[in-house]
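Should a chain be cited, it is by its letter among A, B, C, D and E, assigned in written order, with residues numbered from 1 in that chain.
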Amino acid sequence: MNGEMEILEKVKKAFGEKAETAPKWERQSEIKVPLELLHPLLGYLRAQGFGHLAMISCVDWIEEGEFELVYHLWSYEKRLHLLVKTRIDRENPTVETIIPIFRIAETYERELHEMFGIDFPGNPNLTPLFLEDWDGSPPMRRDFDTRKYVEEKYGMIDLTKELWKREEPVLEGENGED
Amino acid sequence: MERIEHFEYFIGPQHPGVTGNMSYHLWARGDEIVKIVSSVGYLHRGFEKLMEYRFWIQNVPMVPRICVPEPDVNEILYAMGVERLAGLEVPERAQYIRVLVLELARLSAYLFYFAGVAGALGLYTIPQWAIGDRDYILDLFEELTGGRVYHIFITPGGVRRDLPPGFKEKVRKVLKHLKDRLSDYDRLYFDNALFIKRTKGVAVMTKEYALEMGVTGPNLRATGFRYDVRRGDPYLVYPKLEFDIPVTGGGDNYSRVMQRRLEFEESIRIIEQVLDMMPEGPVITKLPNPFRWKIEKNDVYVRVESSKGEFGYYVVSDGSEKPRRIHVRGPSYTHGIQVAQEMAVGLRIADVPVFLFSMDVCPPDIER
Amino acid sequence: MGTGLKNLLNPLDAVKYLFKKPHTIRLPYEPKVIANRYRGIHVNDWDLCVGCGNCARICTCQAITMVPVEGIEPKPGSTNLRPKVDYGKCSFCGQCVDVCPTGSLKLSKNFNLISTNREDYVFIPSKEWDSGPGTGWESDLEYSILNFERVEMPERPPEERRKDFEPVILGFSREQAVVEGMRCLGCALCMDGCPTRMFIPQYIEAITDGDYEKSLKIFYVNNPLPEICGTVCTHRCEDACVYSRRGQPVQIRYLKGFGASRIDDRAKVLGTKVGTKKGRVAVIGAGPAGFTVSYYLRREGFDVTIFEALSVPGGMMKVGIPRYRLSQKILDREIGFITSLGVEIKYNTRIGRDIKLSQLLKEFDAVFLGVGFHRGIKMGIPGEDGEGVMQAVDFLRKVNLGEEVKIGKRILVVGGGDVAMDATRTPLRLGAEEVILSYRRREVDMPASEEEIKEAKEEGVVFMTQTLPIEVLRDANGKVTGVKYVRTRMEDQGPGRRPKPVPIMEETFIFEVDTVIEAIGQTPDYSLMEKEIREKLTFDKSGKRVVVDENGMTSVEGLFAGGDIVNYRGDIISAVADAVKAAKGIARYLAGK
Amino acid sequence: MVILEFFLVLIGITALGLLYGGIARKWSARIQRRYGPPFYQNFLDVFKLLGKKNTKSHGVMFALGPVIAFTGIILSLFFLPLGNSRPLLSFEGDIFVLFYLLVIAPLGMALGAGEAANPNATIGIARGLTLMLGYELIFFLSAIAVMVKFNTASLWKIVEIQGTFPKWNLFPFFLSAFAGLIALQGMMGEKPFDLIVAPHEIASGPMVEYNGKYLGLLQLYHAIAIVVETGLFVNVFLGGGSILTFILKTFFVFMLAVTIDNIMPRFRIGQAVKFYWKYPLIISLLGILVVFIWR
Amino acid sequence: MGLFRWSQSRSLWMMHFCTGCGAVEMPPTMTSRYDMERFGIIPMATPRQADILLITGYLTVKTLKRVVRSYEQMADPKYVIGFGSCTINGGMYWDSYNTVKQLDLYIPVDLYIAGCMPRPDSIIDAFVKLREMIAKGEANGWKRYRENLEWYRTNQAKVFNVEKWSAIEP
């Protein structure tokens, strides 16, 4: 726990108030930074011994119009997992690649590009990873409705309608909507 | 000139030399690989998307499909992630049973692995033996969980059922059988002169390279780096159990295989301890109503040591009945794509399948 | 070679297996033993299954559909739907089994589904599949993901509560209500149990979410007396609850009471806006039926006048139910809201005495009759008439209205229904020393609700079941000294029929009591109607109840009826149900007029 | 008459080869702790293949390849003494012809498979031809030892001179026999020298594009090749014998190869050739040396 | 003809194509514990030589393309076994955006084995049944495919998002 606080303190010292740090779980802390600090921070952490980039996640907070990128860093020496989070605009998602810092990021960025439509300038290989002949919007975005897509493309027999139903009340002034 | 020197060929998706449904596009000069590009996506089902459409509990049958040879790591990861977010306590007996299941799954995955590497080497007797022996473990699973391959047994809050009567004795019997057979394997396989000749010094991975490329698990330990999630970021009751982290440290195909061979014995040791130490008690905590279980907004990354490396789940909840996002980190993701693409260059054609099998690349967990 | 000769010769060891017996299981000639927990094809016991559809909802693969099955009669707590499984989707996870509240759905050890035709994979599993290799994965209460145990309602201790008329139950706390409410699976089987089909799953959902305004709105869709029902309802919904099959049902009643009690000011949430429809409706009887019909009609905009014989509103809710069960506060709150909408009540106006029914029929566009059963039935045994023997309804009415009632120290109550329970517990609170309950059948046969029996026992009521009073003994002054009774034995009447009590006349016993309260049933008093109207009315076989059509209208045009005089159940919720029906009927009737 | 005799031999040998194959599958299965297919399974396979439709031809050479291989192996039957029974054609130096004919078959396959333009097939052919450099030389060298000693290049004579059990060439020429056995393993494409097909690496190599009748023909070729190749070894080192003992001996030699096949992984091509040119070459040369000294 | 058909039914070469997770139950079936080779069924590395195509589970669009191509490379008569529930009606992946739901829209299926995944016992039973069907001449999927080629091609093209599609051209 001490080592944990130590690195968080260091980050605070190096990056100021813009980096929100908080211990989260046992051996797991989070650092929230604005996008412009992301690359310096990752570089700094790498130098501090956080050499294992477990993965890069993206969470679609569609209500807030933002993607949250989460870089999962692990330090073998400190035994600490850091969730480095940054928010980017959902409409025009662009993040500079982190390949110069973590070479292994190439495939993760490639996947995010395919699944969320995030652009990573500087990444040499952003070709589709999983999908072939894809015609929908990036599938992992919240506004992509897989069930609708399936019904249109594969003609799935939709059982959901007859699956199970119960009466719903008609509340006053709501005109049939629950 | 270049065009004449190189020729292209594919291994996979329909090819015995690839570890499942994926493919590699290879450029070879003579017998030497000069370029290799992996192509994945043959198994992409969009699990992460599907999980966002389902209740927390409904995802329990969903997750094991992510890694087919060793499905239980997914169950435990999902359960651990949800338990952390929801603040559920797991009874101790359930934790022991979970370790039992996980280690049995590790044994079966390693037997599969031995079979795979031996198959790639052409030693077809070993697959026949190893998968046959693995079936005894599957029988145990069937007895315990009701399913041979997809156990759907570890659920948030514990495990779905207690051990059936007489189960411990059956496990001990199978363990004894495996130990006996291990000497057979040693003689035919691990000590086989040709096996050593084919694998030693091939596809050497240095420790520095492995660390840089995010190589984990037995593949990392085979380069000489002593690290195991079970010790480094312990979960369940592993801190209470006694086991070593063997390290071979050659970084080549041979040490990768032998690394598993040594860990195989450690797993047997763990299971024996679990059987002795397992306390009595309940095996599951009461869960909230499955249809209305809401988890407050939070997120957590959980990781376990699978037979292939570090398996991790990033679970995000947003206060609703359904997960916001579940991101799966399969160990093969790095092993199968970037590492394979870089490491396979310079290998002989015949060594490529052996290398891929020795890395234990498992396409389903790359693609989800 | 880098390795020794040993390594080259070692593999030869494998040749030993050339002469050993292979470990192959020679399928299909040598069958393999399937584990006891194997998750194979479903089997479903149609008799146990209630068609709740939880299996269909939990299914990740949406492989299960609920389909009606011929030959199964739907009844409260059990529909005619049975799961149909699509094995082209099923992933054999067994969650449907774990979530099955009745335990009827199981997975068998049968796994062979080989066919050339895709259609063969969709069928309704039944018990026949059981005849194969046996059942595998079964539902087990110990490991069930469902919670079969309810949160006990906090009550005051018996010694304390028997001293006064304060409510027995204390009400749920917020946490308790959430825990209890979260048990609800939302399968809506309870709605079939509820006479007025309240939207139970939806309001429980709203309550557990803390959205009490929404829950209140849902209550008022078809029940304007939610808090009263949330306290004293006969909760048929709970009998229909799927949990009741193997455990304790969700306490729907108390959850409703909890939800309704959260909001004091109904008007603020529901508004006092009334509709624009025109018409005058007379409602006879300010009981549950009367208020319900008034509420819905008033909401539509009709002018409603209630005629009540007593001086207080509430009917049986006020004068039949003791205050320790239903507090005055709740009554005031519910009734106050209805009257606040502009419903006029004329108290002390007895139809037939103060005003004629025919006159009402003339003056008003429609008349709703909701007078209830206010006259007790007599046992018809010697010595019954006279002081010291009274009807439970009369007794309770007097107590509830605050009138003086003369009772002795040792009381005998005859009967086994809810009224009987009230009649036993009220004297205790009035200072009786001993209360004996006499019932001619067994305790299990008692129509009274379980918790009433439990509470009565806790409070010290002596239960004398299988006894039949045959004579009230009086001394020379006419004062009751005891009751002579005989024992009965139960005679089996064949399957599906209630056993009949047969008195054993050989031996007689005596209860030494000084007061007898008869609570063997009530009957309506139709003397309020003129003979002409009564003759026009259609009654049922017993002659007690009025027959109404689907609009709640009797055979007399413009005369609607509801409540005890129409239904057989004789509880508040049924009265509300009748009244809701009648309100709709009246609105329709008036629209067509 | 000769033709009739030849057909009888052909059918008999084919059946024998298929039977050997079937028994070998059962034999392997036993080592692998299972039962394996019925012993007549290879007959069924061939019947099936001959009854199948060919999907696509890749050209004349593609179709001719299996035919060349098949005829090559049939021709070699002319020169193979079935134990003590004299072969149809026998003359001084027939052993060279036999060796030559044995090379024709793989070459035919190479030509045919080359036409298929499948990289797997190409790799397989390259491997096969490379490997041939290894085993042909060794086998030839070990046979030379015998030829030098008996001063004849006729198989028939070698068989005749040897005589029965204790006089087998195996004992005096044990070094050459050993090297020959290793070479035979490669010649039959059994592990550790089965790199030509190597399913895990190159998806059955040259045969990758063959199907139906062509594949059936190749299967028949393979069946005959088993008997011819093991027969050659039996004749040179195990003293031929009557038809029955000849069959027994070939069976034994073949099962030895199958056993090794089951307990060894396969070499890389480079390793295989290097291996052949190392130990077996030394042994076979030693064998010749011994003969010279002995003579 | 009868002999050929009989030998066909007893010598089924299976294509070694692990299309989905069901493939994990194939190794046990092939190897010593259940030993599929008892029935003359062995895996083949190349589609040209295979008689049976086992669709072991769900098919993603990307795999389907390869499967169709492999299927068309197989020599007649050829048989397809839909292995696992996902080939019948989508299975667990009924709402997955990347897997096809009903296999027989794209290639003809002779026999289905339900299960997620089917155990080796089921697989062997299915092989025995397929054997009977072949011997009786009932397994006619390959004929259906030839007769309704256009229909199959249209369905395939729809999933591949192209106007027209043919497996033969690369």
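Assume contacts are C-beta pairs under 8 Å (C-beta built on N, C-alpha and C of every residue); 3 or more make two chains touch, one makes a residue touch a chain.
Keep in mind it's a predicted model, so treat the numbers as computed, not measured.
Within the contact network of the assembly, the step distance from chain A to chain D comes to 2. Among the other chains, the CA centroid farthest from that of chain C is the one of D. Taking the mean of each chain's C-alpha atoms, the chain closest to the overall C-alpha centroid is B. Between the interfaces D-E and C-D, more contacting C-beta pairs are found at D-E. With centres defined as mean CA coordinates, chain B is found 24 Å away from chain A. Chain centres here are Cα averages; for chain C and chain E they lie 56 Å apart. Work out the mean CA point of chain B and of chain D, and you get 43 Å between them. Centre-to-centre separation of chain A and chain C, using mean CA positions: 50 Å.
Within chain D, the positions touching two or more other chains are listed as 29, 31-35, 120, 199, 203, 262-264.
Within chain B, residues 15-16, 41, 44, 46, 49-50, 53, 61-62, 125, 128-129, 132, 150, 188, 192, 197 each touch two or more of the remaining chains. Residue positions of chain E touching 2 or more other chains: 16, 31-35, 38, 45, 62, 89-90, 92, 94-98, 102, 116, 119. Every pair of chains meeting the touch criterion is listed here: A-B, A-C, A-E, B-C, B-D, B-E, C-D, C-E, D-E. Of all the residues in chain D, the ones that touch chain C in their complex are 27, 29-35, 259, 262-264. By the touch rule above, chain C contacts chain E in their complex via residues 22-28, 32, 60-62, 86-92, 111-116, 118, 121.
Contact residues of chain E toward chain B in the complex are 15-21, 23-25, 27-28, 30-34, 43, 45, 47, 58, 60, 62-63, 66, 70, 92-93, 95-99, 116-117, 119. Only residues 130-136, 139, 144, 146-147, 149-150, 153-157 of chain A touch chain E when the two sit together in their complex. Listing the residues of chain E that touch chain A in their complex gives 61-62, 65, 89-90, 94-98, 100-102, 158-162.
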